[in-house]
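In the part that follows, the structures are each spelled out as structure tokens.
In the two complexes that follow, chain A is the common piece, with chain B as its partner first and chain C second.
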Partner chain A sequence: MTSPSASSRKALSKIATNRLQKELMEWQVNPPAGFKHKVTDNLQRWVIEVNGAPGTLYSNETFQLQVDFPEHYPMEAPQVIFIPPAPLHPHIYSNGHICLDILYDSWSPAMTVSSVCISILSMLSSSSTKQRPNDDERYVKNCRNGRSPKETRWWFHDDKV
Partner chain B sequence: MAKGVSSAAVQAEQLKQDGNLYFKKNRLGAAIDAYTEAITLCPDVPVYWTNRALCHRKRNDWARVEEDCLKAVQLDHKSVKGHYMLGLALLQREKYTEGIKSLERALDHGRGAHPNSYMVEEIWQELAKAKYQEWERDSTKRSWELQNLKESCEIALREKHGHEDAADSTSQQLADLKLVFAKAAEADIPTEVPDYLCCKITLDIFRDPVITPSGLTYERAVILDHLEKVGKFDPITRETLFPSQLVQNLAIKEAVGAFLEKHGWAYKMD
Partner chain C sequence: MSSNISESTRKPQETPSSNTTTNDAGDFECNICFELAEDPIVTLCGHLFCWPCLYKWLHIHSRSQECPVCKALIQQDKLVPLYGRGKTQTDPRSKPLPEFEIPHRPSGQRPETAPPAQDNATNFPNFGFGGFVPMASARFGNFAMSSGIGGLFPSLLDMQVHGFQNPLQYGPIRHGYGPRFSSGFHGGHHVHEIFHSRRGNQEYNLLKTLLLMIGIFIVLVMIL
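Then we have the complex of A and B:
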């Protein structure tokens, strides 16, 4: 069986490289509050530390996001997952996959890593209960072969948590 | 049997095909011979000249590239390849201003025909490189001139006050002078391009800006790519958007031109 993430391993196009360099520069000058980019020389995979916002269920907790960029970023969405242990949240599976429409069907090339991070943090912050999605066990089992969340046919959860 | 004129045209066309085939196999000498024969038969077909120029270019024979391209743009003043290679040839022999002009013409005609073709991208790259090098030369000269002038001014100031006990006012004036010269050099110091001159998708300075009915401006080639691959919507407002609704944003294009005129460093490509 071929690795499903093989497609995302293709080298970045020139447009993608150029844009990511610009995003990285902007991030260094003006990082989104609550996030820290862990510096590596790999432009195609960013690891980002997220701090739960104060006054929310996740305050004082730290998580790690892994962002992988496809060859034709930003015409294609990046793959964004939490590196387990993922936050306990009704839209976040225990394997780190995140059910958030902008990462899949509702992606737009005008979005950036920074704006995606802010959306994820706002999703965490608005949560009123710490629990896994109902179908967590089934979903994670289905992903055991290493399937990318981008290949999931998401049925998006309600906006309200 | 075909008659004289048309048979020459047919023969020349066949020779061009042969030339193209040789060119693909990198047999440049044979390709040049074929195109030359085609030109002899039908000297008024610009493509024969630009195809031969392409061979000369591969051989770095820039004098011949220039000759053939001059002929091609004479025959067809809209020849993108003609203006493009003519520009490269002129730059080769350090005719910077003329070379840049030719590249600009190539870009204008190229965009008119195929706004997001690889040719347009390639021409832009060459033009940006030439413009950046022009800026490097000019700004080095400017900074050298300013430095000289500044030193002369400083000497003059010190001499004027000489041995008097006006040390305070002298040092104040020297500090002011420093500020004035720093201000004069500002435009040549690379900083950031203002956001309003950058596409929200490429995050890069606009080249060929187009505006959507939502009032947002994007880089033409990139928004076309988005409409084709992602969906028929404005990337920021998500309102429905079709390629036919895009209109060139001339005001932003002018603003970009004015900015680049003053800040040539912004031509730097990574």
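Then we have the complex of A and C:
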């Protein structure tokens, strides 16, 4: 199974389109602090700029998140990855994949792009070391054919970072 | 399709309905689709959803039976539907649901209705009796005794009917579950039993024998 690229992915359902329009509108009125949505014509793929929170290991650093929405969003989680170079973090792989439960098993349709962004920033901010996950090389090699992180079987073990 | 999407992203502010809903009606938006809840249903933890949205999440996409907002356990028999005054032009059961077969929304639980006010209960025997006396005296003054006697007993029956009217309207309903309107009629049966066993039974029998004796007395007087 290879990850469907943005162009071949199934178009958003009507429910997904409506919901994303609402989310975008709310974002424009009240964006989460430290994030900037890069305006595009594509509702199905959002690119978001993240600024490391002041006073943390990532202050003054800027990263880019890519959020791809499945046909049946919000019943299915969006695919959220960092566009490399990804932040150095024990739960972020060098290919940009993020090991964070709410993006996979613990996704809930009541979550929003905004709430996911805040969770990711919180994950960054609580980090005490700037390092890659132990299995980074192996994992990235496995994903070389463009596998989506949503197809990974994640094991969530750390509740501190 | 994609052109539609891109157009709407460029100028989302121009959708007037969305603007108002984000500000005013947000309290009544489904926590999943963010639209005004359709077939609204509330969890015990107080979170509002469209019934189709919640059903699809719990039965098709989710691995757990958790509230999407707060992760409280959801028991389907404890979901509360919201019945507003809004229009339902079509029978929701006949609505074809695309992709999935979504069952009808769970119906509300119906607790027993409040018992009739205390005044009603005490007034009832008086009312029955008071209704009877003038009628009887009117008959006594009448020479057409046979019709008078005939009138006595129907008046008793009348009283029964009157007595039942209140409990039918306000009395306890046991099967307060199921379609909203029919339940009232189902409940009527139980009300009937409760009414008889609970009150007025003794006075009733007393009254009955009294009237019977008067009736026999009148018949005797006539024969003599």
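Here is the rule we go by: the second predicted complex is superposed on the first by the 151 of 161 C-alpha atoms of A that agree within 3 Å, B and C clash if a C-alpha of one lies under 4 Å from a C-alpha of the other, contacts with A are read in each partner's own complex, and residues count from 1 in each chain.
Here is the rule we go by: a contact is a pair of C-beta atoms (placed from the backbone, for glycine too) under 8 Å apart; a residue touches a chain by one contact, two chains touch by 3 or more.
This structure is a prediction, so every number in the text was calculated from the model and none was measured.
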item: Clash-or-fit label for the pair chain B, chain C on chain A; value: clash
item: Partner chain(s) touched by A:Asp41 [first = chain B, second = chain C, both, neither]; value: second
item: Contacts of A:Pro32 with chain B and chain C, given as first, second, both or neither; value: neither
item: Chain C versus chain B, contacts on chain A by residue; value: C
item: Chain B versus chain C as contact partner of A:Gln21, first or second or both or neither; value: both
item: Chain B versus chain C as contact partner of A:Ala11, first or second or both or neither; value: second
item: Which superposed partner A:Met75 touches (first chain B, second chain C, both, neither); value: both
item: Chain C clash site on chain B (candidates 22-30, 40-48, 112-120 or 130-138); value: 112-120
item: Doubly contacted residues of chain A, that is, touched by chain B and again by chain C; value: 15, 17-19, 21-23, 26, 72, 74-76, 108-110
item: Interface residues, chain A side, partner chain C - complex; value: 11-12, 15, 17-19, 21-26, 28-29, 40-44, 72, 74-76, 105, 108-110
item: Residues of chain B touching chain A in the complex; value: 200-204, 222, 225-226, 229-230, 233, 235-236, 238, 270
item: Contacting residues of chain C [partner chain A, same complex]; value: 1-2, 4-6, 8-10, 12-13, 15, 18-19, 22, 31-35, 47, 53, 56-57, 60-61, 63, 66, 68-69, 71
item: Complex contacts: residues of chain A adjacent to chain B; value: 15, 17-19, 21-23, 26, 72, 74-76, 107-110
